[in-house]
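Sharing a structure below in structure tokens format, with a few things to ask.
For clarity, chains are labelled A, B, C, D, E and F in written order, and residue numbers in each chain start from 1.
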Amino acid sequence: MKGRLQFLVAKIILLTLASSFVSGYDPSPLQDYCVAGVQDINGVFVNGRFCKDPKLVTSNDFFASGLNIPGNTSNRLGSFINPVDIPGLNTLGVSIARIDFSPGGQIPPHTHPRASEILLVIKGKLSVGFVSSNDYNYTLFSKILYPGDVFVFPIGLVQFHANVGTTNAVAIGAVGSQDPGLIAVGDAVFGSNPSIDPNILAKAFALNINTVKYLRTVFAPEDDIVNE
Amino acid sequence: MKGRLQFLVAKIILLTLASSFVSGYDPSPLQDYCVAGVQDINGVFVNGRFCKDPKLVTSNDFFASGLNIPGNTSNRLGSFINPVDIPGLNTLGVSIARIDFSPGGQIPPHTHPRASEILLVIKGKLSVGFVSSNDYNYTLFSKILYPGDVFVFPIGLVQFHANVGTTNAVAIGAVGSQDPGLIAVGDAVFGSNPSIDPNILAKAFALNINTVKYLRTVFAPEDDIVNE
Amino acid sequence: MKGRLQFLVAKIILLTLASSFVSGYDPSPLQDYCVAGVQDINGVFVNGRFCKDPKLVTSNDFFASGLNIPGNTSNRLGSFINPVDIPGLNTLGVSIARIDFSPGGQIPPHTHPRASEILLVIKGKLSVGFVSSNDYNYTLFSKILYPGDVFVFPIGLVQFHANVGTTNAVAIGAVGSQDPGLIAVGDAVFGSNPSIDPNILAKAFALNINTVKYLRTVFAPEDDIVNE
Amino acid sequence: MKGRLQFLVAKIILLTLASSFVSGYDPSPLQDYCVAGVQDINGVFVNGRFCKDPKLVTSNDFFASGLNIPGNTSNRLGSFINPVDIPGLNTLGVSIARIDFSPGGQIPPHTHPRASEILLVIKGKLSVGFVSSNDYNYTLFSKILYPGDVFVFPIGLVQFHANVGTTNAVAIGAVGSQDPGLIAVGDAVFGSNPSIDPNILAKAFALNINTVKYLRTVFAPEDDIVNE
Amino acid sequence: MKGRLQFLVAKIILLTLASSFVSGYDPSPLQDYCVAGVQDINGVFVNGRFCKDPKLVTSNDFFASGLNIPGNTSNRLGSFINPVDIPGLNTLGVSIARIDFSPGGQIPPHTHPRASEILLVIKGKLSVGFVSSNDYNYTLFSKILYPGDVFVFPIGLVQFHANVGTTNAVAIGAVGSQDPGLIAVGDAVFGSNPSIDPNILAKAFALNINTVKYLRTVFAPEDDIVNE
Amino acid sequence: MKGRLQFLVAKIILLTLASSFVSGYDPSPLQDYCVAGVQDINGVFVNGRFCKDPKLVTSNDFFASGLNIPGNTSNRLGSFINPVDIPGLNTLGVSIARIDFSPGGQIPPHTHPRASEILLVIKGKLSVGFVSSNDYNYTLFSKILYPGDVFVFPIGLVQFHANVGTTNAVAIGAVGSQDPGLIAVGDAVFGSNPSIDPNILAKAFALNINTVKYLRTVFAPEDDIVNE
């Protein structure tokens, strides 16, 4: 069993996602479309993605399928994110994902550093919320959502979604970005590669060092794999 | 019967939409959130929306419901757009809408001047596509979509969605903007208020003047209501 | 004779234009200048253009000539667009074009998906206008322009210019973009490559199928040339 | 006689310009148009301009005239800038101006802090150029321009235009901004209100203090009018 | 004793900060300056700040003092942030702060949702770092810094700074924003107002409910003060 | 001795700076980081910088040292700018520099075309100021600064800093850009390569031709080195 949120996301999809998505606060497209092509030229990248020859672009570059298929939620958190992987999204500043939750499943506290999100519940009963920054004194805005309900999560703020119903739940998350990024708080703080100095974390969270070490086993069970 | 696309959209929703949405190529939010409040101060507006006092913001400002309810597609085009109306979307650069189609129904050729769109089919069988600008020689990119399929429409390009199945169809459209704007080509060209000079349109489309006048009855059946 | 608007534009100029222009809502320049160089590296492109070595940049990279020369308006629409082609415009968010009209000539209803336009009449008498989106109920704003008059066309909205005088007319159009893009409505809707399903168009415009087929002969006389 | 460049610009036009123009690297428009209305609400301003009620917008809000009329070049520099003043330009990121030059007249070294410029010569013979920043070692790019010629000036760089022909000259300058701003180097350095310490300027330019004081009489003949 | 990071910041400064700062990915300034004036007009706000009359702007609007004064680090975390409070920063996309650390003091794991940061050590020995998002697999980049050393923290990523020397430490943090926002992870997750459901947090972090409740006493010792 | 401001900047640092910095009004980062790698691919550049393979990025890519070391102010202007050179700043929209002044030393009137600046005095007594554009009538805003004082300089406006104390002075300048650019007015106007026509400059500044030629010996003592 693996605690990291990113492992909830189908690996093959995520690998593509990591490279092909760019932000909703992106620069505007500078032509009708700039379909992501090769990822690098001899190891050299650009901000965003290189584009393929527009003469070689086809309809399939703007297409993906499979968001009707439930994700596998058999993991510690009981959830699964299935983002679309469409090369034609490059420079267009929008994307979408399907999120599945088993009963009691959750997407734990996380931020998207590069986009706001709007969540539509398709099935089930979700408890969702976000917390403001210190500018507005860490205020929690939360709501119980049912099918057809929509909730908005501002860019960069800590948010969560939890299935508080008795059945599986399904939601669609749209983001104003091709690659919103995902920072699960637990993974970033307690499961980074390599780990943040446990003494710093112990003081930061007023926890004893053993609890910090326990949390590392939760979020980085294979421990200290640098740049894995 | 009324041909204009905007009448397919529930009127009360649209009125709010017209004022509360702002673009996905918006300026970034300058604080955690800037929830749309009053529309004007003594008739004076701003680019986007004025915001309410952050101390008065509540969870409901980020919430909407009803996207599980089918829209009324009893109109000439057999379709209905139900965009969400959430004041908290102001400055966040993303939005979502439900689109219903009766069998044979369509969202006719249109553009969104201020956002790219990503469409997810929930039910039914849609023929969708967009056409490039003259930079890429008006190339059509199109696809038949089934449930779980996704298609992307770049900002500002002419696009359409048509139900080519035998049942009702439902799709979710997400846009990288709070107010993508909607320009149905027929409405803008043949149904404007007041009308564009029919002689100019006749020459533009190589149609005789009677056909242009007929098209006006389709797209502006009440005719020439100036700045209504 | 060819009905497509893009053929009104000198072909050699357009080909360069299609590749060298980028948008006025572009990312800002990240250095003093980024003069467009090669279009691609082994078939790989970027959003916008690759730049040439700044050490090889010369004054001619910021220069073009010929806007004093009347364009050839011997075509169905009686008009001609001559945009400048200047590699140094890359990333700078502005451009300019000369537009010629024979008596009765017009630039038919079109949009620029990536820039607003400001038009200055140098000679003749033009009827110009634009139509709002459904947000403002497809309102037409129009004006008769004489030499020295200026009119503004907001980004993405349907606009037209028609010579309603008895002499040739000349105008200068400036845009807040290196590549505003041009979508002539008739070309995009009725003349795309390949064509949009005529049945979809017939329903969209409440036209019989024969009129749609006729319109295709107007806007794509050579028919269905894919990615020509 | 007054040396300041801004006095070359018709005063009534400039006053409006100062308040109604906003930048080409502006935030995008958040609706079809946001026509500049009142300048302030009880002394309170916004970044850019407040907008008038969209229901009160008319075609005249997008219109200006008079760019066919020669400006009065009877001033020390022999030049005159006539920018358009159109409330509808607010948020649209583009503008245009007519520039007149008497023989030997010039627009002296200046920058536009908020836009790139593209210049089209209508009449006469101009020597124009710009100088890179220290990134590219203060390289001068210059050219002699004749009618129909076009030259591009990147945002923020020092540029100049001088009539080197024997007749009056006329040019059209388009900028990717509603308010590019104008900083005439001589006015800003030697003619500010109040003046920069003459000792600092003397050292900066390796001039003796008397030359600095003489330059002040050129650029601020009425001297030290604070916040006039 | 109070655990919340924001209480480390001088309260009077913070209150002003919360309202007067705007983001480094701000819209560009649309005039030379837009000095923040009143915060609201009858309870109505804008994205960013209203500006005062430019005719009333003085040099003091661009000025602040006091960054030479050590902050009071007598708090649980042993640190203090003193951001500047300058109305003239409005729309300019940059700001600066002084950060003091007692020996062993730290700025605990946090994000800035609206800006990247660059940190310059003036005095002492700091251990600093940031963790990538899941796109790059939660990689930690960290460094020990000495006086004159500089480290960069990308926008939105989890970062920390800890004094690992034996003396007080001082650093200057510059951000590409007027209001970067500050989200201390512990405060947002365990100390929000009201609290996130402890059961959700217990599952998210694989902690027992008592540890979650203990963490709430650390981060919100006065508990559940709604919208305080 | 060389009068050009850029020679005050350590040459090796500047050369790197010229190529590795990009603007604070940059496009947002499209991934967590985009560390500047090679400058060009076979002589081909991009707007900003190509990035290195994210898998090869290390902590040192976000690090620089040496801002504790005084710069060499033995030059005509008695000042020295030491900007940091950090590849990881690419796309992040912020940077920082140390500025040293000998008694009487100054950074002469200059602009940053691509960023606003905030200046913090560490040591000494500085007279600083900026001048508005003609929009606000070339108003000077200035202040005497002491250690701990901060002053803001809006993007693109003419600014200066002069040591008016009796000791060396040190300041930290932060900018909302990776490459703000630096245009020293004297260098750009009187010291460009090649020179602007002295007759144009003589008229622009109402100076006799000999004074213009003298100024050239100050700002370009080696004269007319084209594209050096």
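FYI, a contact is a pair of C-beta atoms (placed from the backbone, for glycine too) under 8 Å apart; a residue touches a chain by one contact, two chains touch by 3 or more.
Since the model is a prediction, treat every value here as computed from it, not as a measurement.
Touching chain D and chain E at once are the following chains: B, F.
Distance from the centre of chain F peaks at B, each centre being the average of the chain's Cα atoms.
Here the CA centre of chain B is 47 Å from the CA centre of chain F.
Computed from the mean C-alpha positions, the centre of chain C lies at a distance of 28 Å from the centre of chain D. A straight line joining the Cα centres of chain A and chain F is 39 Å long.
Multi-chain contact residues of chain F (touching two or more other chains): 25, 27-29, 31-32, 41, 46, 48, 54, 113-114, 129, 133, 135-136, 142, 155, 157, 179, 181, 227.
Contact topology of the protein chains: irregular, matching none of line, ring, star or complete. Touching chain C in their complex are the following residues of chain A: 27-32, 34, 37-38, 41, 46, 48, 50-56, 90-91. Every residue of chain B that touches chain A in the complex is listed here, in rising order: 24-25, 28-29, 31-33, 54, 57-69, 84, 86, 88-89, 92-96, 115-118, 120, 122, 129-130, 132-133, 135-136, 141-143, 146-155, 157, 172, 174-177. Of all residues in chain E, those touching chain B in their complex are 22-23, 25-27, 40-48, 113-114, 178-179, 181, 227.
Those residues of chain A that touch chain E in the shared complex are 3-6, 9, 14, 17-18, 25, 76-77, 104, 106, 108-109, 111, 113-114, 127, 129, 131, 133-140, 142, 155-158, 160, 162, 179, 181-197, 200-201, 203-207, 211, 215, 218, 226-228.
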